[in-house]
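In what follows, subunit A forms one complex with subunit B and a second complex with subunit C.
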Partner chain A sequence: MKSAVVQLPGLNRDRDMIDALTKISGQAPVTVWQTETEIPDVDLIVIPGGFSYGDYLRCGAIAARMPVMQAIRDKAEKGVKVLGVCNGFQILVEAGLLPGALMRNTSLRFVSKEVMLEVVNADTHFTRTYEKGQLIRCPVAHHDGNYFVDDATLAALEDGNQVVFRYAAGTNPNGSLGDIAGVINAHGNVLGMMPHPENLIEAAHGGNDGRGIFASALEVIAA
Partner chain B sequence: MIKARVTVTLKNGVLDPQGKAIEGALSSLGFEGVGHVRQGKVFDLELDGADKAKAESDLKAMCDKLLANTVIENYSIAID
Partner chain C sequence: MTIPNSIAITPELVASHGLKPDEYQRILDLIGREPTFTELGIFSAMWNEHCSYKSSKKWLRTLPTKGPRVIQGPGENAGVVDIDDGDVVVFKMESHNHPSYIEPYQGAATGVGGILRDVFTMGARPIAAMNALRFGAPDHPKTRHLVSGVVAGVGGYGNSFGVPTVGGEVEFDERYNGNILVNAFAAGLAKSDGIFLSEAKGVGLPVVYLGAKTGRDGVGGATMASAEFDETIEEKRPTVQVGDPFTEKCLLEACLELMKTGAVIAIQDMGAAGLTCSAVEMGAKGGLGIELDLDSVPVREDRMTAYEMMLSESQERMLMVLKPEKEEEAKAIFVKWGLDFAIVGKTTDDLRFRVLHQGVEVANLPIKELGDEAPEYDRPWKASEARPALPASEVAEPDDYNAALLQLIGSPNQSSRRWVWEQYDTFIQGNSLQRPGGDAGVVRVDGHPTKALAFSSDVTPRYVEADPVEGGKQAVAECWRNITATGAEPLAATDNLNFGNPEKPEIMGQLVGAIQGIGEACRALDFPIVSGNVSLYNETNGVAILPTPTIAGVGLLPDWSKMARIGGMQDGDVLIMIGGDGTHLGSSIYLRDVLNSTEGPAPFVELAAERQNGDFVRGLIRNDQVTACHDISDGGLALALAEMAMSATKGMSVSLVDQRGATHALLFGEDQARYIVAVPSDLANFIGAGAESAGVPFRRLGTVGGDRLVVDGVIDVAIVDLVNANESWFPAFMA
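Then we have the complex of A and B:
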């Protein structure tokens, strides 16, 4: 399956993402610059992590208004899978492709460590290689991962099984509502998550718990 | 030219860890009787033209599209 990685000034996890997608799918993703208005025919579009536009105004706010976002929105409406990791998640919520907002960590500190994630919904395009309730290791590195939604939206997310990942009990690094680490849209093709699965895909990373997300989305057998 | 000030504040019920930290710092500086502190943003804008009604509607669109995240923030517009 073909994939694309979106590049914007200030994103710095794009190379890790390109590396992960190349290793797992066997072919390098195409890269798409922020000013492009069309995205090639791919099965998965990934917005990687970093600090687009220096996190000015709000994390992801300016990136979410760049021309490429309309192209991503069009593709998402056609059912193409979209994954946003860390700043990519922040960009997806700012663009309105996912509900909620990502606010400053309650500790006010940048957190860079490994957490445990619970796979809450294993019946998505991105999580089929996992079991429901499975705990996986995953690194986090962010200053603004504190997920917030209003009560009505939270209830709708829970009812619709749209919470895909939660921080396992006692490991919430940012104060996010309901320990939410990742959410999917109602249609089930746009996933945003704060943790970095691309940084735990092979022995050299010290584990491969994150590999299944890409193997699932790219429909390849998990190694 | 029209000068305008847009003030963006967090909605009630949205946790503001930065405001909390400022609250604690004011208390540790010895300022007594400070209740809740909420942090917000102020934007000063200069707009061409003299049509205040148009400026107001443009500013509202700017707030809705970029300056505020209406999931978590409210905004107010003041035109000189």
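Then we have the complex of A and C:
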């Protein structure tokens, strides 16, 4: 399956993401620049992490208003899978493709560490290689990962099984509501998550717990 | 000439530019007239200590800077070292001490930004960063504020730029109460045929300004950084630059993209003394004149004077000499990344540095004398007095070894730095094989199946104070040892020499001694210095910092699958000490933190033993014979064992029965050239025999297992208690 990685000024995990997608699918993703208004035919669009536009105004706020976002929105409406990681998640939220907001970590400090994630919903395009309730290791690296939604939206997310990942007990690095680490849209094709599965996919990373997300989204048969 | 000279050049004005009367006389002799105000600013920027190395140059020349792998030594933006297969590593360490004390967040952030720019200016993509930070006493009223700001600033810039921070140091000592140290290291990867230098070539070629606009921030920063501090320090805040890592990230991508087009003849980043220093260096190195037209310089504020533009230290700016036929292609790349691109001048053949502003020539100076022919001093110096020996028999034993170990492992200086490095992105780029907390940071070489680089930054300032020569040797030896402890071959180093006021003979003596020691060790260990930086005048109200010559080194691992880590040991493994028994308690951590004394000489560094023991350990690692390795440094054997045990969360049972000497010296002595390795039990005898035949001293210490660190009836502590003591100090301090 084909994938695309969106490149915006200030994103800095685009190379990590390209590397992970290439290693897992055996095929390099196409790259899409901020000014492009059309995205080639792909099965998965990834918005990687970083500090698009320097996080000025608000994380993801400027990116959400760039021309390329309309193209992503069009693809998402047609059912193409979209994954936003870290700043990518913040951008999807700012663009209205996912509910909620990502606020500053409660510690008010940048946090870079490995946490444990609970796979809350293993029945999505992105998590089929995992078991429900499985705990996986995953690095985080962010300053604004404190997820928040209002009560009604939270209830709807929980009812709709849209919470895909939670920080396992005692490992929430940012104070997010309900330990939420990743959410999916109601249609089930747009996933946003703060942790970085692309940094835990091979022996050099000390583990490959993150691999399953890409293998699942790209329908790679597990080796 | 029609040079406006509306501001009178008074002795006070000269002095406020940090120029001494004899230096001003030299200017008058050189140009045969009174300088204009702008020219005075240019001289001040070029001839200050920070840019000219006028006090240290004579001694820096004695350092070994060549070697079979050295492609570029000191004098460029960074050093370049061959790592085989056409790959090179480009690295340097640089201080941002003075600005970080005045404005910790921006000072530290722009220190990181400056060193990253030095690396990518050479054509390398940054792949690793380290930071050696030194703060005042924990109970000094400014310390928490400075720690908080500096760490956030380092993280804020590096994380956003996208480089993993893989190592560094954080220490506290009251001698840094008035002058903290922020030494930033960066390394990048390039191809040996893709290195870019600052030497301008060709007459009449365009000089191009790239990156961010010029503002009034940082005017006179380098001059400020070349002076002592006093109570007026708050007034110096406007001399600190403001960083924008977003622009720097764009500048990185744009520069690397531009370099691929073949358009770049010469490139120099604008760091200290901004436009002045970069233009002068490019011209002086190339034997060319430079003419700048300030009306073309992109500015972010109205009505900036020539003086301000020439001395601004606004960040994220570059100067290049470009091939004229590639100008349009180059411009398109910068427009794509949203950066400024302006032709601001040209190279000339008259060796003059000419600056035009609103049609008027505001400066016209001889470029060579500004740059590589700046003044040089042979300052008087006085060697430090040797301290009398301090035998272990004159040092009190602890009443309770368990309590002493827990105190040391949980002390401000030996406790875990997790609170710090969890604010730095250590995962980004996906190549970090060893993150902070071990002996060295290790990053694999992108695109190569097995190669990796190891990085470590070290110095023990209390040793340098006790004995500058031995302290200088020890800084190099410990760096070399930490790199070796991963299995890497140490290749080359960068030095960041932080000292007090060199006009005082005793301070100058520390600098001279430390450089002598560094040179001796680098020669003995084949570990040349390929780049570096000197930071002097680290004094406040006449009190100098501890002499702190930070050494940051780079090593090569041909196959990272055989790398050693501090915490890899398994139950049943045998622990072996390589090197002699502990004897030396002078200037030790035990003496300082448990007995509250700083007396005694620094440990002697026997360089031949250092090399022999290190080569032996590296051989074991490369033969896949060790499961864990750690060097013995601050706190001696006891601390090294505890650090290994905590890292593996495994217990150890250790006996000192074979060792001779006082127990506290065996456990806390800081003798050099020592390592602990954990090896599978079936290999222990074989390794012992190997050490014996290689003439390497070794001791079988004991075995791995259980959940307590037990030493022969003197120490018996639960690993969980060690971990709690080690992890709790920093968060509690900063809470």
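Methods note: the second predicted complex is superposed on the first by the 222 of 223 C-alpha atoms of A that agree within 3 Å, B and C clash if a C-alpha of one lies under 4 Å from a C-alpha of the other, contacts with A are read in each partner's own complex, and residues count from 1 in each chain.
Heads up, the rule we're going with is that a contact is a pair of C-beta atoms (placed from the backbone, for glycine too) under 8 Å apart; a residue touches a chain by one contact, two chains touch by 3 or more.
Bear in mind that the values here come from a model prediction, so they are computed numbers and not experimental data.
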Of the two partner chains, subunit B (first) and subunit C (second), which one does A:Y56 touch, if any: first, second, both, or neither?
second
Looking at A:V149 after the superposition, I want to know if it touches subunit B, subunit C, both of them or none. Which is it: first, second, both, neither?
first
Max touched-residue count on subunit A (subunit B vs subunit C) belongs to chain C
Common interface residues of subunit A - those touching subunit B in one complex and subunit C in the other
none
Subunit A contact footprint on subunit C (complex, rising order)
152, 155-156, 159-162, 244-247, 249-250, 253, 337-338, 421-431, 433, 444, 560
Can you list the residues on subunit A that touch subunit B in the complex?
57-58, 61-62, 65, 93-94, 99-101, 103-108, 146, 148-150, 175
Spell out the residues on subunit A that touch subunit C in their complex, using ranges where they run on.
9-10, 12-13, 15-16, 19-20, 50-51, 53-56, 109-113, 139, 141, 143, 196, 198-199, 201, 204-205
What does subunit B use to touch subunit A in their complex?
13-15, 17-18, 21, 65-67, 69, 71-72
